């Protein structure tokens, strides 16, 4: 399985705390723990040519992980269009945290993906589908002491399966992990992962991302989605 | 529109606080505020003959509201079977609070409908589908100071639409209001409504139940669901 | 209820058969039978200024009906963006036939909306959710003697409710009528309605479109979908 | 992975054509081609003690395949209850053809599972989710020359994912392969497989059943589904 971790890589250069927490960038950190699995991992960032997402690389990718925040608008529409096409043709996609507002995720969901937010909340994650492959090895509940609160209403279409729901100490609730399918592509959104917090260091968060990559891996790659004139097959 | 409010009517006779809060029984109280709408309301209770749910009454009912708790096992299987059949043929159903464990709801969901619980929690309800007809007139969030906590995981099939989600001060979350369809019947489950609490006196809770009754009202009643040998319609 | 029927109005000017079948345009014909209901109907077409879809008109519209085919690319992106926003904020949308490939529907679905097609097929529509409000008054099955075949696979996300499925004499099947929700907007797609066929003259097709408009009508209009920084409501 | 193929094994003893087509019984035939995979297969039939479905066997089973028709009523309720419990706790279930009317499937769906039927139809299966693991290796469409027609409306809850849809030469359509989840159990229903037809000899049908068994295999087995009194985890 081949995974490409995409990260805008902006905060890492500008916020000392982020540099300190994730010296190789969020992409490097994510790639690091994914490599513990039987997975071939590449990274790609906004400052690379074509955002590091060439046709050649995508053709050779089973699942993309997406982290973005401050630079959503800097991703060219043509890149978004291309990645979107790969997802529809079967490439898996795991969108993390503030990636909810990426052009790519909004294009796939068809909605604003707006939500409530507040820094530095206490989050309790609940596993509500314990037999889903993405929940393998995850306890019924676990705590992230400091994470950005994302709260409902979350403007996304009804998920196919809501796997995780989160409680926040300020009174909010959130569908924090859920799946959808668009075209032939399997998509998992997961809310933890703020750049100034340590959620990606949490072993359950790592396990969920590893599971998600496996779940999103396509059975068939680059399935054509055509609109053919179709001669009658029966009765004539 | 004709509504039949069913209540087991047990706690009302045994727990002084319940008698005091709901002197005419939970069924009487629910019927009372439903009558403010353009709705014809009947009540039926466990201690009546055939649980007050005769074929004649059900034939003349658009929507049943169900409240039960201590007496789920006292409802005869034949009554459950009959009401289940009416739901499949189009009758609406609104299941309140501890009705989640009624034979009827479990039969319709196909699961245990198990959940976590604890008395006397602070609950904050969130409206996550503000344009759903059941959410008409309901604010983004409102508080029930004292309600029984029901917590995830809630063993029900993925809802068709999750309209309300709740936060509890003990760290729990819950899908507290959602719809499903079984056969031709529209079903709404709503979590608030513990017998020793005052949630049914909350104007938003009342509005939600009134909205739900209207939403669950069938377009057509007593639709046959058959299994016919069907001659070919084409090509022969 | 206020409905705006949008039509590109191209074939009506170019294909004599279409002019003959629908002398007032498809929009005029659709508006004609909608007026039989208790509905206020406007029409809007591609050749009007701003496609006839100004902010003022949309603000005053409950449901838009959309028919397009040859001119999808002629609808400016800003118009699509504006109508998309109104749908997310609660406006209903009924997409007919070749509107599946409109920029608007693709943007809402997040997919290509590709499908198979062939002119002049025999179509048999099946009602698979007889109690859905959109199916009120529709028989279990009815035939359209000559309609354009649209066949699976249809690249759309899993519908919220599939209400109609169609059989075609060439061996194809299609999910021909289904609902989705995006943001606060209720969306119904319905496949019959090719410009050179008479499906819009079929009383069941007319009844389905009338029902759909009523179903898609919002409970609340112009609901804001925001992304606020939210102060804690509890515990602090 | 351990699979138990359950078959009522009635027609095999009574109808010479069935004996001839499936000399080792439908269960033997299904077990035969499943063994080609990396799967450990057992069979169990109605005439065995406890229908061959003891607690010990189910505890050691990942996925049950179910074929029944004439003997649905002969399966004791306690056996149904036990298998139902195993499914909710995570065991996978693949229900074939006339198993739609088994007590088990009806109990899981919560509906009558009624449908239309007619012997000896020409069926064309369409793959509408080509990237679903159950569709791996299956072409866009394939034909079963002679199969029992099952037609809509099929009284089941909206599927989680409809993977296959079928066309029949008599004018009918059917959702012929779809998934659902109940509790922790993954369920796949597949319509081909009439006892007097040769569908189980079709390589695509075999591939679908093999894929389905793999898809339904639980991540965790025997997950408890409890209803605990839960002390507060936060804030007290």
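For this structure, a couple of remarks:
Going in written order, the chains are labelled A, B, C and D, and every chain counts its residues from 1.
Everything below uses one rule, namely that a contact is a pair of C-beta atoms (placed from the backbone, for glycine too) under 8 Å apart; a residue touches a chain by one contact, two chains touch by 3 or more.
Fair warning: this is a prediction, and the values are worked out from it, not measured in the lab.
Farthest from chain A in terms of Cα centroid separation is B.
The chain pair B-D and the chain pair B-C differ in C-beta contact count, and the higher one is B-D. Chain B and chain C have Cα centroids separated by 33 Å. Across the assembly, chain C contributes 124, 129-130, 141, 151, 153, 158, 160-161, 167, 169, 171-172, 181, 233-235 as residues in contact with two or more other chains. If you check the complex, the residues on chain D that touch chain B are 88, 101, 107-112, 114-118, 121, 149, 151, 153, 155, 157-158, 160, 169-172, 180-183, 225-236. Against chain A, in their complex, chain B makes its touches with residues 124, 126-130, 140-141, 151-154, 158, 160-162, 165-168, 171-173, 175, 235. Listed in rising order, the residues of chain D touching chain A in the complex are 90, 122, 124, 129-133, 135-136, 141, 160-161, 167, 169, 181, 184-186, 218-220, 223, 233-235.
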